[in-house]
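Take a look at the structures below.
Across the two complexes that follow, chain A remains constant while its partner is chain B and subsequently chain C.
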Partner chain A sequence: MSGKKLFLGLLAAVLLVAVPPFLGLGWQNALTNVLIAALFATAFNLLMGQGGMLSFGHAAYYGIGAFAVLHLMRAVEGGLPFPTALLPLAGGLAGLVAGLGAGYFATLRTGVYFALVTLALAELPHALAPHWEGVFGGESGLSSMRMPSMGLDFGSSLQVYYVALGWTVVCVALLYAYTRTPFGRLTLALRDNEQRVRFMGFDAHAAKTLVFGVSAMMTGIAGGLLALSSETANYNIFSSHVSAQVVLHVFVGGSGLFFGPVIGATVLTLFSFLASEMTRAWLLYQGIIFTLIMLYAPTGIAGVVQAHIAARHRLPWGRLAGPYAVAAIGGLLAAAGTVFVVQMAEHVFSQTYRAAAAQGRWGDVALFGLTWAPHNPATWLAPLAVFALGIVILRRVRAPIARLWHGGEDEADTAASQPAHGAA
Partner chain B sequence: MKFAHAAAAIALTVPMAAAPLAGAKAEALRIAIIESLSGGQTSTGRPNVLGASYVIDKLNAAGGFNGDKIVVTEYDNGGNTAGASAKFKQALADGVHIVIQGSSSAIAGQLSEDVRKHNLRNKGKEVLYLNVGAEAMELTGEKCHFHAFRFTTTAPMRVGALVRVMKEAGTLGGRVYSINQNYSWGQDMEAAIKGNAAAGRYEVVETVLHEVNRIQDFAPFVAKIQAAKADTVITGNWSNDLLLLMKAAGASGLKARFATAFLDQPGNIGNAGDVALGHYVAHTYNAEATDGVMAEDYKKVTGHYPAYVEPNTINGVKMLAEALKAVDFKGGAIDVDKLALALENVTLTTDTGVQSIRKEDHQAYLPVVVSRVEAGVKYPVDGTNLGFRPVKVLPSDQTIYPVQASCKMTRPN
Partner chain C sequence: MEFLITSLLNGAIYGMLLFMVSAGLTLIFGMMGVLNFAHASFYMLGAYFAYTLSGLFNFWVGLLVAPLLVGAVGMLIERYMLRRVHRHGHAHELLLTFGIALICEELVKLFYGDFPVNYQMPAGLNFSAFTVFGAQYPFYRLFIGMVALVMFAALLLVLTRTRIGIVVRGAERLPKMAEALGHNVPMIFMGVFGAGAALAGLGGAVAGAFFPTNPNMAIDLGVIVFVVVVVGGLGSLAGSLVASLLIGVFTSFAIGLDWSIARLLAPLGLGDWAQSVGGPLSMTLSSVSGAVPFMLMLIILLVRPAGLMGAKN
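== the complex of A and B ==
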């Protein structure tokens, strides 16, 4: 069992090291962003998934880490001897200090109040940064340049990728090791029953502050990696959409599992990399994906995978294959119908098309390699019919799948429908 | 062992197989427009794409450049600098030669710096950055570099033109109030308002810098303007900060005249209504001041007359088009440095005057139109009967300001 895990881990490591040199510049950059997002999400999930504290202001520590690294980078540019690859350390340190300070206040409250305090604390640097020239460089922010060190010039995207890979692997491994320590167990206990932790003689507030600090430290390292990669940062990094993005990554990936956030960050970062080039409506699609996952798979992608792995000996795979294939077809049909309608709408409602239409030129729209007449009702009704068919198929196939999952055992459905909590 | 051999063989042959393919073909000019195209900032990014595509589509219809069609790719920076940086890297991966952007000074600063660093590290594969709308002074000051060009005005150009024309028209008065947004643009405006006091023979009675796009009620500010007995309020405010300020002024019956930089942003006049009557704006283009040929042609393509940031973009990309005519790479590799040198020497006659590039900091010399909101104009805006009547068109030599001492440009040898 553990041998298999080790093999999978090694295989992933080899792939992560050996493949990127053969990829294009675009993919190297995208993978660097994936790594940074994965570390950010994992650090965030230490607080959210394991500590049970939902922070809406993690952009603050991400940004503080980035600015700390930039200041150090500028010092290095000025002649300070410091190895470029170790620059993110400054982000970790700044994140830790800021996190302990902010965590002390935020963890005085729980639940919604905790979330609101973190939100307010994150707004502080966001409002302050554009005006504080000396520290945050005003509106335009700080910028610097990676200096050559230890025989490497750190000019290429590939070298930055390897720096990010090293830091992310080490930090995620440390965070995983953390869950195995007694303090990691205590973190879970804080989430499940804080009162009991107090009865056992622990100082719950101090423990929560420390968890907050560790999460902020790792977040700061992620921010530092971003600063190292983009060589600048400005007050935008403190904006609430950065905080929201990490929440999105964690929920889509699944907060109940240690590697869930990594999966969510990877999927959504790659999705934005690929989809934002193809369509302006990619944020809509991202929103739809998030909504669907929250509605039908609240444990996230990792939760679904985990449920299948947990039940793998029990499930009648042979009999499930058919209904699963039908469900996949239904899902594809529904997705295809939606995408077609959205893309058509994007074309038809674009300024240039409307301008032409106002002059009576209702030109055909080229989409998916074919041309379509927007004034023909069939152009709109056909994809809607495809969408409806997909939905009908999905609804029909739901019951047989549920029956096969239950397989007569009453308690079996708990594995599929309940959040699988616990690290890994 | 065999696997290692195979892997090594693949590792060696893949790049070698790809290399000859890349060099053989004529190089198409690749232009990246990196703008805010999703989320709340779309309305500021979209016009730049429209303006740039309008010119480039015409170039392509006439045969393109270097024996191939010009490839234009739109990249969505998501309205933030990190997104812009990521998209610039993507554009590099796609083989970009020219980056066009304009809807935010912060993003402009990021892209300009990214381009500078890329060019430092990749000699022979330089990229050009064309700023069509970001007005922060530092972009042609301490952040200036050889591969960055600015085709829009800055605060001194707008304020200088406003003061000069309003003084001549006798509508400026002796008491000027400065109210601006508290970030680089607003600070630049305030400095320009103070700097023009001697030339305009006015006194700056009070200066205010306020939060950007956060104030819901400008009544307290209007009360201060009223108490200061200002004749004219000069402001660089845009979007809601301008609209709400004018509405509060209208509600309180403030008599002071507004001299603005962005009153022609679509929607402003429609929202403000008669409150806007008699207020001034300094912009680079006004269809009323032209023969209207370009305006009508632009409307045919996009559905509206060029306004706000679009004219800068159109004319900036037209200057690029002139530069493309001046160079000939004979279907071979595109030399961006040569293109930049050609761009420095372009003189473009637009509908409103002559524009060219200042070699020292790559700021464009631009004519500025000062207009007043009036009824009964040829091109009314926002479905009202109001529009911008040109008071005077200042040629570019009367609007330019000295090169900033902070600009230290390294030119290619």
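== the complex of A and C ==
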């Protein structure tokens, strides 16, 4: 098992190093963003998945890290000798300091109150940054240039990719090592039974503050990488959308497993890269995917995969294949119906179409290579019927799949994972 | 004097608006322990539904029907989504409502566009109530405050003086006992969630006609509403009223004050130095008024972690 894991890890490393030079500029940038998002999500999950503290304000430490690195970059531009590849260190340091300070307050409360405090703490820099010229560059933000150092010019996005790769791999490895230390175990104990931690003589508040600080430090490094790759940042980096994205990444991937957030960050970042070019409604699809996963596969993608791997010797794969294929068809039908209706709505409710319709021109809509008449009820009823058929199939196939999975396994976990297959 | 009275008036009205939205949240949170991230989305849906209905019929139809529609949406969400994830715990419920909030925002953008819509009060309500120091004071602001006051009174009466209130409070304290007495507790929860959503929807339908109705209104208000709940205290209706008014008045005063640390230091002869340091020392209170609620929340957390009127937790 361990040998297999090592092999998979090496394979991934070789692919990550060897493939990007053959990709286009857009893909190189997208992969850099994947790496940054993966580090951000893993750092967030140290707090959420291991410490049991749900933060809704991690954009604060991400942004602080980005601005710290930009300031250092400007100093380097001014002549300070500092290797460009090590710039994210400044982000980590700033994130640590901010995280210890904010964590002291936030960890005074637990549960949903903790989430609210982190949310409010993140609003502070968001409100202050546009008015604070010296530190955050006011409304327009700060920009800088990557300077050549150590024989590299850092002009190409491929070099930035490799810097991001190096930092992400090192930081994720450090975070993984953290889980193996006694303090990593204590972090898990804080999540599972804080009272017992206190009875054992530990200062739970100090420990939680420290976990918060470490998470913020790694988040700051991710923010620093973002600043390094985009060479600019403004107060929008503190907005709640940034905090929301990392929550989505972590829970779509699965917060219960160490590498779950990496999977979620990769899937959703690539999804945004591909879908945002095709449709304005990609954020809607992202929200739907997140909600479906919360409803039907609460352990996330990694959790569902893990459940299948754990039960691989026990499951009657031959008999499962049929129902799984039917479920996939049902999911595809439901997804196709949804996508069609959303895309039609996007066209029909767009400003240009409505302006034309107001003058009585209900033109046909070109979509998926065909033209559709929006005033024809069939245009709307047919996809709705497809959607309904998909849902009926999914509901029907649930019971047989649950029966095949039965045998000591948690029924909810298995039956629940099905509808998400089609949607994801 | 003029500044004092106008700020107090505007702050109180804004506070009442905050209360309208947070009352439902407090109700749901107190009853079910669910921190509903989609609550501000219900407020936004109320405004958009009312906008559509007021275009089809008239303003008053929108004002009355939009909250009912939002309440129905809330009941469906409770019945078919929240109840499913209940066994996974409160954090999971919170994440689910967070996802619903994202979907609401994007759906509104899909159907209404990414810009404010022209939702307006009827001409009959568009007059000035009185003049303060030569400035006309719009009647509609008072109307918002009055709706909120009626809402607070009605909620208080229903919860403390009626049979429904007894059953609801019983289901909150001892759900098993209420169930044993023959009350349908899941049904009560669904009703409370729907009622809370409808209250937020009413807030949106009333306020949307005065303030801009746009897809960002949920996010803008959402965070502040949570601050109200934290400052007011765990599920306390009166607490959220006090907290709403405090935040409303503080924000309103902050907008009008050009105080800065540099000005405070000026009598000590340090004003020029502080001005030259810049940053937070020279920032005026008015420019950072958006941060005032959050600072208030941090102070409350330090001084009285349970909130103003919350029981010790």
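Keep this in mind: the second predicted complex is superposed on the first by the 406 of 424 C-alpha atoms of A that agree within 3 Å, B and C clash if a C-alpha of one lies under 4 Å from a C-alpha of the other, contacts with A are read in each partner's own complex, and residues count from 1 in each chain.
Keep in mind that, in the parts below, a residue touches a chain if its C-beta (ideal position, glycine included) is under 8 Å from a C-beta of that chain, and two chains touch if they have at least 3 such contacts.
Fair warning: this is a prediction, and the values are worked out from it, not measured in the lab.
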- Given the touch rule stated above, what does A:Asn33 touch, chain B (first), chain C (second), both, or neither? first
- Message: Looking at A:Gly24 after the superposition, I want to know if it touches chain B, chain C, both of them or none. Which is it: first, second, both, neither?
- Response: first
- Identify the partner contact of A:Val197: answer first if only chain B is touched, second if only chain C is, both if each is, neither if none is. neither
- Task: State whether A:Ala94 touches chain B only (first), chain C only (second), both chains, or neither.
- Result: neither
- Task: Name the contact category of A:Leu121: first (chain B only), second (chain C only), both, or neither.
- Result: second
- Item | Partner chain in contact with A:Met294 - chain B first, chain C second, else both or neither | second
- First (chain B), second (chain C), both or neither: which does A:Glu231 touch? first
- Query: What is the contact status of A:Gln351 with respect to chain B (first) and chain C (second): first, second, both, or neither?
  - Reply: both
- Message: Let me test your reading of the model: by the given contact rule, A:Ser143 touches which partner, first (chain B), second (chain C), both or neither?
- Response: first
- Task: Please identify the positions on chain A that touch both chain B and chain C, taking each partner from its own complex.
- Result: 131, 283, 351
- Query: Quick one: in the complex, what on chain A touches chain B?
  - Reply: 18, 21-22, 24-27, 29-30, 33, 130-131, 138-141, 143, 145, 153, 155, 157, 226, 230-237, 239, 241, 273, 276-277, 280, 282-283, 351-352, 354-355, 358-359
- Task: Spell out the part of chain A that touches chain C in their complex, as residue ranges.
- Result: 54, 105, 108-109, 111-113, 115-117, 119-121, 123-124, 127-128, 131-135, 240, 244, 247-248, 251, 281, 283-284, 286-288, 290-291, 294-295, 298, 342, 345-346, 349-351, 412
- Query: Given the complex with chain A, which residues does chain B contribute to the contact?
  - Reply: 7, 11, 14-15, 37-39, 46, 50, 75-76, 78, 80-82, 85-86, 89-90, 92-94, 105-106, 109-110, 113-114, 117, 120-121, 136, 138, 143, 182-184, 212, 299-304
- Task: Quick one: which bits of chain C touch chain A in the complex? Just the residue numbers, please.
- Result: 35, 81, 84-85, 87-88, 90-92, 94-96, 98-100, 102-103, 105-107, 109-113, 219, 223, 226-227, 229-230, 278-280, 283, 287-288, 290-291, 293-295, 297-298, 301-302, 305
